[in-house]
Each structure stands twice: as C-alpha cells, then as structure tokens.
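Both complexes shown next keep chain A, but they swap its partner, so chain B is in the first and chain C is in the second.
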Partner chain A sequence: MSDSSRFWRWGLAILGVLILLYLPVLLTERSILGVRLSNMQLLNLGLTQINLMLIAMLGALSLNYLTGMAGLISIGHAAFYATGAMVAAITGSQWGWPFPAVLVSAAAVGALVGVIAGLPSLRVRGLYFVLSTFAMHYIVVFVFQEYQFKFFDVVGVPYPEASISSFVLNTPTRWYFVLLPMVVLVFWGLKNTLSSREGRAMLAMRDHELATTSSGIDVRFLRLKAFALSSAIAAVAGALYAYYLTNVTSEFFGIHFAIQFIAMIIIGGMGSLSGALVGAALWLLLPSIITGFASQGGTDGGLFQQMLVENKSQLVQVIFGSLVIVLLIFAPTGLAGIGRKIQTRFVALWNHP
Partner chain B sequence: MLHTDHLSVAYARKGLALDDVSLSVPAGGIVALLGANGAGKTTLIRAVSGLLPLHHGKILQGMVKLDGHDVTHMSPYQLVSAGMAQVPEGRLVFKQLSVKDNLLVTAAKLPRAQVQERLDAVYALFPQLLERSTQAAGWLSGGEQQMVALGRALILQPRLLLVDELSLGLAPLIVKSIYDQLLVVGETLGSAMLIVEQNARLALKFASSAYVLDRGRITFSGTAQEVANSDQVKESYLGSAKPESARQE
Partner chain C sequence: MLAQVLFSGLALGSIYGLVALGFTVVFKATEVFNFAQGMLVVCGAFFAVTAISLLGLPFGLSLVFIVVAAATLGILIHRVLIQPLSGQSMLSVIMLTIALSIVMRAVIEITFGPQGRTLATPLPTGVFLLGELRISQLHLVAALVSWFCMGLFGAFFKFTPIGLLMRATADNHEAALVCGVNVNLMNRLAWAIGAVLAAVGGLFLGQLQLASNDLESIGLLALPAVVIGGMQSIPGAIIGGLLVGLIEQLSASYISPKASDIFIYILLILILLIRPWGLFGQKELGRV
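What follows is the complex of A and B.
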C-alpha cells in the first residue's frame, strides 16, 4: 500500500470516529458550533432513532452471519429478540439483577434457544428448515405472551432503568455511548470469526455442504455453533431493545419484526457485514427522513401536500418496497455490492489515471 | 488398505444400488472402477466415504474396512481424519471462496505450522493454482476447478484418494495432464487411489487393477491388462468392432 493511500485511510477513519463521537451532541443540541440547524437539515432525525438503529444493527449483523455467511435462512430472529426481552424481564424486572448480568443471561439463554432452533437443520433443508424457524417463532412469541399475561398485564412488561454500576442510562446520549461500542465490538468480532479457520469452513458450507463434509468438517456442529452465536447476539439486542423502550408487549415481536431483518440484509447485501449495517441504517432512518420530507411539502394545503401528509406511512412502505425490488433486480449483491464496485472503479482510477 | 466386504446398498424405496460388492484397494495401488451410467460407481464411492446417509442411501449388509478396521458407519469428516480424501463428482469447488481458501478449508485439520508447506506442495503440483490463488474458484475453467478439487484433497496428503469422474466435461488433453499429476502424487506420497471413470480406456492406462460394475454387481475384475483384454469390457466400454445387433443380450 502506498503512503498516500494509507494516509487517506487513516484520515477517513479518524474523521469517521470524530463524526460518530460528535453525532449525539449534534442531534441533542440541534446546532453545529453554535449555528442552529433546522429540523430538515438534520433530516428529521433524533438520537433515539439512531439508538434504535444501533440495536437493529446487532440483529442485522447476527442474521447476516447466519444467513449470509452460514447460508441458513431463518425467519426466527424476532423470536430470539423476544427470548432476550423475556429473559431480561425475568432476571431484570422480576429478580432485579444488574443490567450487565441481565445481558449475559440473555446471551446464554439466547444461545440455548438458538441451538434448539437449529436442531431441525440437522435433518431438513431449504424451505422446510425455514418453516421450522417459522414455527419456532410462534412458539416463542406464544410463551412470551403467556408469560406477559401471567405476571404483568395487557399494557406490557415494564423494565427498570438500565445502569452499569453507577453509570445510569437515562439519556439517549448515554445509551448511544453504550450501544455504539457494542455494535463495533460485534462487527469486529464477527469479522474476525470469518477470517478464522472456522469462518472459512462456514463460507465453504454455504457454497457446498457435501463437499465441506468430505473435506473433513463436521457441518452439523458448525451449523449449531453458527445458530448459537447468532441467536445469542440477537437475544442481547432484544434485551437492549426492551430496556431501551422500558416497556414491551408480545405484539412487538410479530412476524413483521422478523422479516424486517431479512429485508435489512437483502438491502444491505447478503453476506456482507458492513452491508448489514447499511441495511439496518436505511431501514430504521429512511422512514423518518421520508416523513420529514413529506411534512415539508409546503403549507399551502395543496392536493400534493395533502396526499403526502395523509399517506405518510403508506408512502414509506411504497418507497421501501420499490427500493427492495430495484435492488434485487439491479444489485443482487445489495448496497455492499454497489459499494465494492465503486471502490474497485475508484482504486483502478487512482492507480491508472 | 481399503476393503469392501459383500457390500449391499439401497436408496429409499428403490432396488439395490449395490449388490454384494467386494473389492479391495491395496496400499499404494491405483484401482479403477469401471461401469456404465447407473452401474453404482458413485454409490460405491459414497458408501466408502460415509456420504450415503446424505443421499438417503443405506448399507443393507456388508462392511467397509480401512486398514482392517470397520469404518462402515463412520461420518465423512471422521474418515478424512482417518486418511481418506475425496475428489467428488462434478468437482464441487467452493465457488465463492478464493482458490487459496478452497485449499485452506480442508487444511483446517492440519497443524498451523504445516499449512504453508502443504500449500506450496499443491502449488508445485499445479502451478496454475498459484497464479489464480486469490481468484474466486467459481470463475476458473473446468480444468482449473478440477485442479482445485484435487488440490483440496491432496493438501491432506491422504493415504487413500477417491476420485469420482475426473474427466467429466473436460478436454482430453487436460484430463491426461491431470492424470499424469495424479501418478506423480501416487509415486511421491504413496497414496492408494480408487478411480471412478467412465472413460475406461483412459482409466486402464493409469490403474494397476480394475473392477467392472454392472447394475450394482461386480462382473469382472483383474489387473488392468486383463480387464483391458477381456471381451466383456472391450464390448461394453472400449468399443469393439462388433456390429450393433451383437451387443444386445
């Protein structure tokens, strides 16, 4: 690597870190260096949306690990979230465990449920396996519902305030500085897993299971391991989600919730960890941005503006649906694939102007 | 080194795919397994390498022995540890992984210190793979993919190599050069080989002995010379001068 490109790389990395550190200040003060910014200049975004995005990123990363890397399609990710939320309700709300212990217990139970959910993968393949994760989803959500009605009520399960020893997570900014390192850690950890021997075996398994077995690798064990890791991360995300919202009901974890993660990794790029991040960001932030633009449509009360304002939620869905279809047709590798292409072009241009 | 003992295999709700098949591959020997489509050649490879359950097949009787030990119901990955490696039919390279990663997948069981040395040995055997080491294996030509599949097996330096339809869809010249490399491997590593091949003429050139399978049964066996000279083999697989009508039973 040449010196100048290394310089640029480091420069960009430092700039990125600075932006990430400044973001919560920007979004809570809503001004930059004393200059006040309008709502639309901030794209109608608040820090809460960013935090929810970070939590969703954990889910998208873990699903992309399972589906994109290990080749196991699962529509059970909402169930792992629900598992995490329920474990958090038992250990956190009922037993009063400290927040870090709650997260650890969520991860442990999540891994266990993941292994159980992965067991059918030893016998069935493809669509049949997808259906088994579907069934698992309903079982877990049913259990959550029964639990909720037995110990709490229709209003939902309340969660205590999260705190890490004396650091109380009572503002979005504080949450941000807990969630961001977690996403970075998970991203970095999964990335390292993939370049290990085991990760390579997993990618091979996605390409050809039979050939992987006859290459001397126990694919059944590998599959269960992938499931355990992925669901542990998702369960932690579920616990974080519940604590962040301070109150959740079983209805939060519907099948729509599971499918949104699939949408994220398709938009972002199947099999790309950074794609999962981009997909989650788009999924969580774009609706708010579109809503912002729709509200901006003018105050004349014209037909166009009325249509926009009245149909905001439908508009968001239509734009999303179109985006997914366009991506599937023109960029089957997702946004990550487009990014790679641009990068290749750029590097080629850089080297041979 | 490898023996199958009165082996009978059936797939779910179908008749016998292998019927009382006994064959043996001596240590360091190259044995060809000949037969028409559907004769049971691939089934035999699956039975020996433990892949049968993945294809819903079942061993009804008999056993597979490796170095005198019963390995009939061992899983494929355990068999690899026992010294068996396989070049599957249709190559089955990991298309999205680079050539090097393809080789490293199987190398996962080796001690880390040994990996580079073994990798170099494979590259020495197939220099094209070194040139293409960072390319995705799916982008390679058929011949190169076959080299990847072979390299993936050879990096383990197996004591027994199973090769299924190496010539499938490849130009004769490439097939010949790959077989030549296999002979080199056989001589340097002393690996025994069981070679399944539709191209009987080619296989008999490289093998020391051969078995002929027909509808699940072994109908002829002997040294490569004997098999090549047998009327039955000549008639069915090598193409004799007899008129079409005479071939029918």
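What follows is the complex of A and C.
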C-alpha cells in the first residue's frame, strides 16, 4: 500500500514538473503536439498573465505567512511592494546596479521597512494594529509618489531591462523560468520555516500569545522577525513586478492593490501556503477567463450580452467580491479547507469502503 | 486666509464627523469595523442622483427616498451579511466589508457608468461675504445640517426609550438579551442609522464635488476620524471628524494639496502609538 502510494506521489510530482516545463511552450506556440488550439481552448490565457500570477504568488505567500501563520493582520501589504519598486528604481534605474543586486537591496530595505512597520505591534493589538498598517500604507505610497515626481514625472518610473549576467530577460518565457524557481524556493523555504522551532513558536503565538510568552518565547522579537521576512519577500516581489512592467507609477500601489492580497489568501485559505498559491492563481487568471467568455458571447449581440461586454472589468469585480463574501460566510477556511474536507472524506471512503 | 481655511475645514469636518458618527454607531452596536462606510457615502450620493435626476422627484420627497433607501440598504447588509458572520474572527468581518465595498463599487459603475454625475439640488449654492470671509452657502448648509443630525441622534440615544435600549445593547449583548431586548432588531437599527448618516454625508459631498466612486476615499476618512476621536465615543467621532477636516484643509493650503491626507495618517499612527484608545475613548483593559 505504502509502496503504491509512494509511486503515485512521485508520478504526480514528475507529471506536475513536466506540465510546468511545457506550459510556456504551449502558451507561446498556442498549439499542443502540432494541433492548433483556439484562444478559448487556452482559456484566453497568455504567458504574461502566468508571470504576473507568479509574482502575485510571492506577495500572497508572504502575506499568508504574516497573517495566516504569525496572526498579524496587515492591510498595507502593498506598501512593501511599493518599497521594493522604489528601491529598484533607485538602485536599478538611477544607479544602474545589476538586476540580482537590485533584488538583494530590495529585500534588505524591505526587511528594514517591515521591522519599522511592525513596531506598533509591540504596543497595540488586533484592530489597532490593522489600522497602523493601514496608515503606514498611505505614508509609504506618499513617499513613493513624492519620489516619483521629484526624479521622474507623471508617466511613471521607468525600469531598465532585467538581466542575470548575460541572460537577458526579454521574453515572457525567460521571465517564466526565473520566476517559477523563485516561487518554488520561497514556498519551500516558508514551509520549512514552519516546521522549525521558530515556526512552531510562531504558530503558538498566533493561537495563544500568553501561553507562548510563558513558555519562554520572546513574542515581540518573533513578531518583528515575521514582519521582516514577509516584507522582504513582498519587496522582492515588488521589484520584480516593477521590472516586469518596465514602468510603474505610485497609483499602482493603492489600497486596492493591498486588498487583493487579502482576498487571495481568504479565497485560498488562511494559514495554508498552498492555499495562497491557489488564491493568487484564481485572482490573476480568472478575470481574463471571464473576459474571454464575455467577449466571445458578445458577438451575437443580445442586450444582456452587450452589457456583459461593456462591463467586463466590473463584472469580474462583482464575481470576485461575491466569491469572497460567499466563502467567508459558508467556508471560512477557504478553498484549502474545502480541499482538506474532501480529502478526509475521500480517504475515509478509501479505507472503509 | 487662515479664517477661510478654518471655515472650510470645519464645514468639511462636520460632514466627516457625521459619517464618522454613523461608523461609530455601527461599531458600538455590532463591533464591525466597517470599511464599506466609504461606499455607503457613495451610495448616498447616487441615491440622490436617482431620486433627483432620474426619477425627478421634488426635493422633499427625494430626501425621504434617500433616507428610506439608505436605511433599507443598512438593514439588508446586516441581515444578509453581518449576522451570519457573528462570532467569526475580526479579519473575516473586516474582509467582508471590504469585499462588499468592491461589489458595491462595481454595481454602481455598471448602473451609472464610470463617469461621475453632477448632483443638482435646490440647496443654495451662492457665496456671501462676512467681513473678509467668503462663506459658501453650501458649505454652511452642509455644516448646519450635519450638526442638526448629530444633535438629533445624540438626543435620540440619550432621551428616547429605543435609544436607551440601543445603548444597553451596545454595552452588553448578553445582558440586554436577558432583559428581553430584541438584540438583532437593535443592531439592525444601528446599521440603518449608520447607513443613513453616511448617505446624508454623501448627499452633500456629492454636491460639493461630483457624485462618483471617488467619494469613497473621502468617506473612508471617517476611519482615522473615528480612531483619533476614540472608537467607542460618540462625541469623539464628531470631534475626530472636525479635526480631520481641519488638518486636511490646513495642510492642503499651507503645505501641499497632495500632502493633505498624509498628515491625517501620521496623526493616526501617533495616536495609535501613544494613546491607542483615542482622545475621548476609554482605555480598554486586556483580559486574560
């Protein structure tokens, strides 16, 4: 039994890796084994969306680490993205540092800003802390805006082409093969952190702060550490985002940008790292799928169809907003929780048919 | 110059105070930190557009329409969304109100189009001079109506039996329940009041600017106002609103229009660090 289950597990893993490797080829050639696929058969997806999804996954993972694992609710996670983008603008666009050095500097400054942002957590709890991250978000975005208008202008901050030594990231496929390992690395790293002594202490802190303190763990230090790690990842994601888009303005990092990460981890499931991945994937890919279906249906022209076509982006928002509301009311543990439930039921059936 | 800025700051601050008051009533009753309060302001503005421009109702009837529509909306939100979530974690409830505001924004854009609409009411729009001070009549009316509403609800909570029941419910759900108070009804009433106050704010803000989704960020200024004033305190919400209006206008005219919000949020962080329970709130004691 265990042999066969191990066989299945390895088989699935290898299949997954193969699919991930084949995906960019499929999406750029837009055909599978020589058979041409229509746009809708590919769900209206392109590799650019996949790349943006991978970047968003980094953000969702870092926020889920902070909120789901350490229990610190942050409503200003976009601020760390903005920090990363700004550091990338200074070191990359202005000083001309190479791309890897830019990422490292973004991580370092991001960690520092994260510690500063986490400082109120030493004094206030719960709702008050949420509000302090809310206020911090506005302050960071204001700084970004002032910086942008001082050195660049309204059109935004331009970023140079990213390259790792001689490997220039000038096609979506190349980006894909840089971003994918990063997501895997971050996922794996965070997962391992959670099973370390520190990670367990953090989960304990989330569940019962007082009990954790009385078992000799310095909760304050732990909080700041969680903040530093999470914001460093988010800042790297911000730098990647800025480089990928090649031009970024302060308006990108509004409060809605921060909210989307919270929505992702709620859809995926609070406190589940793979849930964060699922949430980010849905949040980034579903809009273009919905848009695809809406425009396809629109050609035959009923009044209802026309309304769909005209309000595609609003429609996406209604669907997502309602999805979040429905999940919150009926499945507070998110898709990861639903998945776990199905799995336990399935396993129970398997063992006792 | 200074007097002029102070006047507009106080007038806008009165509207913020009104919206913040609605927020506090909801927070006190149901402990919901309502991020959708900004969208309720927008809804108020668009209820006004519907009544005045689309339906062509006379102004008095329009006011009735706005109040009834807003109250219904508030009750619906409580019944359909907030009540099923009672007992859930704070983040769930906060996220619910955020998701709600996303849906509301999209629905408004689908119904009314993404552009803002001008809101024409028979309220006086002229300007008169008081010494050197140019007083906009609309600002003055907005401030007066806001103060009237605040006074009205203050008296309602203080002197009427229903107000007493609502205060008792906000104080302690279980105790009120044991005394035979219909707690759900009281909470629903609180949501109705919160939505109506936001809608009145939206009516004025929509006329001072345009009725558009941009009003949401103005409505969200109620959040810092509430925290600065003290979350559990009704006078605190009003004074917080006035302070936010003053800071906004002062920094916009003396420092930079872009910086107007920043000083509010810096003050918010300072308050959170030094006196988290706000200027007028009561210190909450941590229970183990």
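Everything below uses one rule, namely that the second predicted complex is superposed on the first by the 351 of 353 C-alpha atoms of A that agree within 3 Å, B and C clash if a C-alpha of one lies under 4 Å from a C-alpha of the other, contacts with A are read in each partner's own complex, and residues count from 1 in each chain.
One rule holds for everything that comes next: contacts are C-beta pairs under 8 Å (C-beta built on N, C-alpha and C of every residue); 3 or more make two chains touch, one makes a residue touch a chain.
None of the values given here were measured: they were computed from a predicted structure.
Asks: If you stack the two complexes on chain A, which partner ends up touching A:73: first (chain B), second (chain C), both, or neither?
Replies: Once the two structures are laid over each other on A, A:73 reaches chain C alone.
Asks: In the superposed arrangement, which partner chain does A:93 touch: chain B (first), chain C (second), both, or neither?
Replies: Touch partners of A:93: none, neither chain B nor chain C.
Asks: Based on the superposed arrangement, let me know which partner A:317 touches: chain B (first), chain C (second), both, or neither?
Replies: After superposition on chain A, A:317 lies in contact with chain C alone.
Asks: Given the touch rule stated above, what does A:51 touch, chain B (first), chain C (second), both, or neither?
Replies: A:51: touches no partner chain.
Asks: Which one hits more chain A residues, chain B or chain C?
Replies: C
Asks: Identify the partner contact of A:127: answer first if only chain B is touched, second if only chain C is, both if each is, neither if none is.
Replies: Only chain C; A:127 stays clear of chain B.
Asks: Is A:214 in contact with chain B, with chain C, with both, or with neither (first, second, both, neither)?
Replies: The answer is first: A:214 touches chain B but not chain C.
Asks: According to the stated criteria, A:135 is in contact with first (chain B), second (chain C), both, or neither; which is it?
Replies: So A:135 only meets chain C here.
Asks: Between chain B (first) and chain C (second), which does A:332 come into contact with in this model arrangement: first, second, both, or neither?
Replies: After superposition on chain A, A:332 lies in contact with chain C alone.
Asks: What is the contact status of A:272 with respect to chain B (first) and chain C (second): first, second, both, or neither?
Replies: So A:272 meets neither chain B nor chain C here.
Asks: Would you mind listing the overlap between the chain B footprint and the chain C footprint on chain A?
Replies: 210
Asks: Residues of chain A touching chain B in their complex?
Replies: Checking each residue of chain A against chain B gives 197-198, 200-201, 203-204, 206-208, 210-219.
Asks: Which bits of chain B are touching chain A when the two form their complex?
Replies: Listed in rising order, the residues of chain B that touch chain A are 49, 51, 54, 75-77, 80-81, 85-86, 88, 92-97, 101-102, 104-106, 108-109, 152, 156.
Asks: Help me check something: in the complex, which residues belonging to chain C touch chain A?
Replies: Within the complex, chain C contacts chain A at residues 33, 81, 84-85, 88, 90-92, 94-96, 98-100, 102-103, 105-107, 109-110, 223-224, 227, 231, 258-259, 261-262, 265-266, 268-269, 272-273, 276, 286, 288.
Asks: So in the complex, the part of chain A that touches chain C is made up of which residues?
Replies: Its residues touching chain C are 67, 73, 75, 120, 123-128, 130-132, 134-136, 138-139, 142, 145-146, 210, 259, 262-263, 266, 270, 307, 311, 314-315, 317-318, 320-322, 324-325, 328-329, 332.
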